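Across the two complexes that follow, chain A remains constant while its partner is chain B and subsequently chain C.
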Partner chain A sequence: MNLRNPRLPLLVAGAVAAVTLPFWAGDVYRVHLATLIAAYWILVSGLNLVVGFTGLLSVGHVGLLAIGAYAFAILAGTHEINPFVSLVIAGGVGGVCGFLLGLPSLRLPGFYFAMATLAFALIVTEVTLAQQELTGGGAGIAVPGFGGPFESPDGFYWLVAGIAVLFTVFTWNVSRRMWGRAMIALRDSDVAAASVGVPVYKVKLTTFTFSGVAAGVGGALFGALQSYITPETFVFELGMFFFICIVIGGRGVILGPFVGTIVLTALPEFVAPLANLGQFFYGALLLIVVLLVPEGIGHVFTWLRERRSPRTTDKQVVTPDLERLAAAIRAGREA
Partner chain B sequence: MSVADVAASGGLQATRVTKRFGGVVAVDAVSLDLRPGEIHGLIGPNGSGKTTLLNLLSGYYAIDDGTIVLDGETLNRTPVQRRPFLGVARTFQKPRLLGSLSVLDNAMLGGWRDARAGFVGTALALGRARRDDAVLRARALELLHGVGLGGVLDRRANQLDHAEQRFLEIARGLAMRPRFILLDEPAGGLTEHEIEQLARVVTTLRDGGIGVLVVEHHTDFVFRICDRVTTLNLGRMIAQGSPQHVRNDPEVIRVYLGA
Partner chain C sequence: MLTVLVTGLAVGALYAAAALAYNVMYSTSKVLSLTTGHIFMLSGVFGAFFIGELGLPMPVGFVGAIAIGTLFGVVTEFVAIRRVLARSDEHLWLLSTLAVATIVQQSVGLWWGTEPKPFPRLIPQDFSAGIWDQKYWLPIATIAVLVVGLELFQRRTLLGKIFLAVSEDAFAARARGVSVNRVRALSYALAGILGAVAGFAAGQLTFAYFALGLTLTLNGFIALAVGGLGSNLGAVVGGLALGLLTASATYFFGGEYQQTIAVGLLMLLLLVKPEGLFGAKRTRHV
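And now, the complex of A and B:
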């Protein structure tokens, strides 16, 4: 749905740049930053299906990120389980928590659903503070790396980037098939969705559970990248940050939120004055996007293309082809 | 016609259905049966309960009293999301399309009941999701060409004019392979010429064996294409029968058609 041929060279160039990044990035910090973007994107790619496609306003995914990170730290660190096995389990724990959170809250209308996810994020913070024996409480907990070839910053970057590509492919596959259409139907008109038989609650719950898996995996990799986590690492602003990445990137697209994640993570690091502005920068950018391009930066490309080759919207009269219609109806009967 | 007869012939039958909103009885013990291969018109003044009855048949509202039977099976408690699987499709008075998606995508959505691939299979790009898409795309293409939207397949639905939106809703409904389709004011806002095209489409559906319920204010259109007509007033049925019979019914003339 979103991959048109003119974009292909751009995507190939982007892929080459991403694979070779450690060779041209210059210093270790930039590789660290790229790894951080990839870990964030794993979460955002799943959240994008929830927010951008299904239209559910979840602002609490930072809680699921924390759960993934702590699960990984406890399994791979405290219990010394193989990090890859721990990673898979962390994803599973994220999925289960997403499912359990979605089970009651997805019945709520939009605003109350957002409040439920917010409350969830706050509860996770309190639990990690309280469960000292498990999480180290306010002092935090060390998170082991993956060892072997993934111990070096470059190796770990490739690992995280590879998993990020995997999740991007998952979400792209979903978005361009019937599931993607059903999700957008829930976002734009749940009445229409129900009228064609889309099981509203089931689609929402499935999508939300998937986003929990993505958040769990992203959280595990995020934790391993930080190498030490405390409840302070998972401030509520981080949850808003993920949400804003998608709003700025645009709804119902994948590339837009991806660019949004890169820009919002990297820009304050490279443009020093922006870093001083901190949250103000995010706020200002959000305001500009919402006021000027409410459909998000992902749609600027579409808009430019349509400006370059304006569509001839001459009024043409609907002229049914009745024989073809009759044949199509007959085919439907026999199917 | 008794219940058993309708069940034998296959039909969507509402018997003495009643719907109350607070103290208002919107639909009051109305009976109506829709048979395959017939066009049934539902007319009446504003607020007479036409759309409410359609919403009861398609499951948006639960009925307070009476029964709705499809092929001898009671639908009273069947949720709205299940009815497409039983072969009941509908359109809306104000078209409800997905504005950001193309005409083709909108029509394909109607084929949801035949999409077999699960979420995980789709994410992993197992063959089934691709086959689903291919089948449903081919079906949607034929239907869109059939209703006359073959020239605007890639246009976003929010760029369609009013008539195109109405025809797209019909195509989406047909993509469900329905046995009955309920059209809520399909001629609303259409030009004379477009109503003519609509009449040809609707009669083609009937000839294809689909039972069509038309809720409409364009009485000329209704009397011309319908096999039977039901008239409501203030939630009650005041006349039912052939267009000829209903058109000449003194009560219908008094409350709706005018002298």
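And now, the complex of A and C:
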């Protein structure tokens, strides 16, 4: 990282605030909320590569979240496997399911793909309701915690936040190197990307599988945080919520969706009337953003910064030397 | 067994109507609107509200529900389609229609409640008729009339021909003096009328339920994708096939895996025949 980066002080301040959060939050519920945001962010960071960078409109990631949470609950709860091993397996299961979902559906054009992911989310709900012995059906299933130092809300917060940082660093590294360039290229034009040698389907499938891993891990931590999950926990609207976080934050960046996740999760908790409106608020926000700033709210800040301190560009005015030109033409005519 | 067949046909007719509404909107705007199912939901809910709660006579409630559906279609076009199509960004319409669909579904959920409420009887008939109950034949008959009406409209009237012209080539139609924007708005109104009539007729089958929209948006799309995008015949065949399949799947395997079977069928068909049964093959522009 460049030490003279002007954003560095901000980054350090953010990191310090995040690490010390349990000390100044002053309220167990706020720590819970911060843990929830971190668990969501693990999923959103993976989904961001899919939606924001690769441009695949997946609205059904809540299905993968549910799979991760149920896998963790069944392994760590019913079979009493070590929670950390279960966490890794839950991520693996999420990845495999993402792979299997992506295998047929990534061949489909945009809207068909969105509908396939929507259907996937509904199918997962159906299966969790039907498989009573495994998932407890509609009554739900208890999810164990991580035990030891991670049993307390503060300890669990640090665990989830730590994993979230890992995923952030991973996606950040992916996004700014060759893979990220390939994703952006095929988002903007898959034909052009294919023509310069980007393996379009392979990139899509790998990205989608990774987002499945992220959703599995996020789901496992989300389940452990909720401590009891039912199919009702994973309604389709939650999948839309993740999607909206990214669209509102802006496509092709990491900070935007991160801020989007924080704001959209925290805002209804602190502003009571918004909590009553629930999904209505998200829908209205999405409509406003799509109609006014399709590039995402993050774009507004860029625009404001450009207005306040416009980038100075060297103007090189080229004035034609008219006399020389006329002379040249005249010379040409005479010749 | 006969009940399964009749239920399947009635539900399938509803899916076919949703697929037709998709088609009508798609033909002029090349947009697959996620609000399609919500037209039906709005019509069902407002039908139940006008007749059941306000106690209005049936024809008034019917006209009211159609008015709501038409209004919703036009508002969708105005808010979510017109401005977005002016930009070149692909798939932005997916987000805007998703937003409108969410707003509508949640407002209805907040206002009407999230529990399904019964839809009033439209024609006096006691409940012992079994498979001849009006909740089955009414949607089937209504949607059959709608299909024929739509076909006649598109082939026999001048306005219908203008619709087809815009659908074939919007630029050429504009060059011949057709107001493409107005035709698009009209097609959304038409889809609103179609969805409202079908949703009202099927109200007793679906109940006045706020989450119906999402189910119909998905299943109507599956019917459309099976039948082939842009083909009205395909929409009807796909819808009926899907309805019969889910009904018999419920009969043989229980109701738990309805959606799974429907989507499995779609995936299988799309892998074998990506353009659907009756769809035109699309060539990729490079």
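In this text, the second predicted complex is superposed on the first by the 305 of 335 C-alpha atoms of A that agree within 3 Å, B and C clash if a C-alpha of one lies under 4 Å from a C-alpha of the other, contacts with A are read in each partner's own complex, and residues count from 1 in each chain.
The criterion applied here is as follows: contacts are C-beta pairs under 8 Å (C-beta built on N, C-alpha and C of every residue); 3 or more make two chains touch, one makes a residue touch a chain.
Given the structure is predicted, the values throughout are model-derived calculations rather than measurements.
Q: Please work out whether A:L277 is in contact with chain B alone, chain C alone, both, or neither, and reply first, second, both or neither.
A: A:L277: touches chain C, not chain B.
Q: Looking at the overlay, does A:A119 come into contact with chain B only (first), chain C only (second), both, or neither?
A: second
Q: Would you sort A:V247 into first (chain B), second (chain C), both or neither based on which partner it touches?
A: The second partner, chain C, only.
Q: With the two structures laid over each other on chain A, which partner does A:P294 touch: chain B (first), chain C (second), both, or neither?
A: After superposing on A, A:P294 lies in contact with chain C but is clear of chain B.
Q: Figure out whether A:H79 sits in contact with chain B (first) or chain C (second), or with both, or with neither.
A: Neither partner.
Q: In the superposed arrangement, does chain B or chain C reach more residues of chain A?
A: Partner touching more chain A residues in the overlay: B.
Q: Based on the superposed arrangement, let me know which partner A:P104 touches: chain B (first), chain C (second), both, or neither?
A: second
Q: I'd like to know which partner A:R307 touches here: chain B for first, chain C for second, both or neither.
A: neither
Q: Check the residue A:F236 against both partner chains and state whether it touches chain B (first), chain C (second), both, or neither.
A: A:F236 sits against chain C, while chain B stays out of touch.
Q: Looking at chain A, which of its residues have contacts with both chain B and chain C?
A: 191
Q: Would you tell me which residues of chain C are touching chain A in their complex?
A: Touch residues, chain C against chain A: 32, 79-80, 83-84, 87, 89-92, 94-96, 98-103, 105-107, 110, 214, 218, 221-222, 225, 256-260, 262-263, 266-267, 270-271, 284, 286.
Q: Provide the residue numbers of chain B that touch chain A in the complex, in ascending order.
A: Going through chain B, the ones touching chain A are 58, 60, 80-85, 89-90, 92, 96-101, 105, 108-115, 117, 119, 122-125, 129-130, 132-133, 136, 139, 142-143, 145-152, 155, 159, 161, 163-164, 167, 172, 174-177, 193-194, 197, 200-201, 204-205, 207-210.
Q: Could you pull out which chain A residues touch chain C in their complex?
A: Within the complex, chain A touches chain C at residues 55, 57, 59, 104-105, 107-108, 110-112, 114-116, 118-120, 122-123, 126-127, 129-130, 191, 236-237, 240, 247, 276-280, 282-284, 286-287, 290-291, 294.
Q: Tell me, which parts of chain A touch chain B in their complex?
A: 1, 169-171, 173-174, 177-179, 181-182, 184-185, 188-189, 191-200, 206-207, 210, 251-252, 311, 313, 315-322, 324-333, 335
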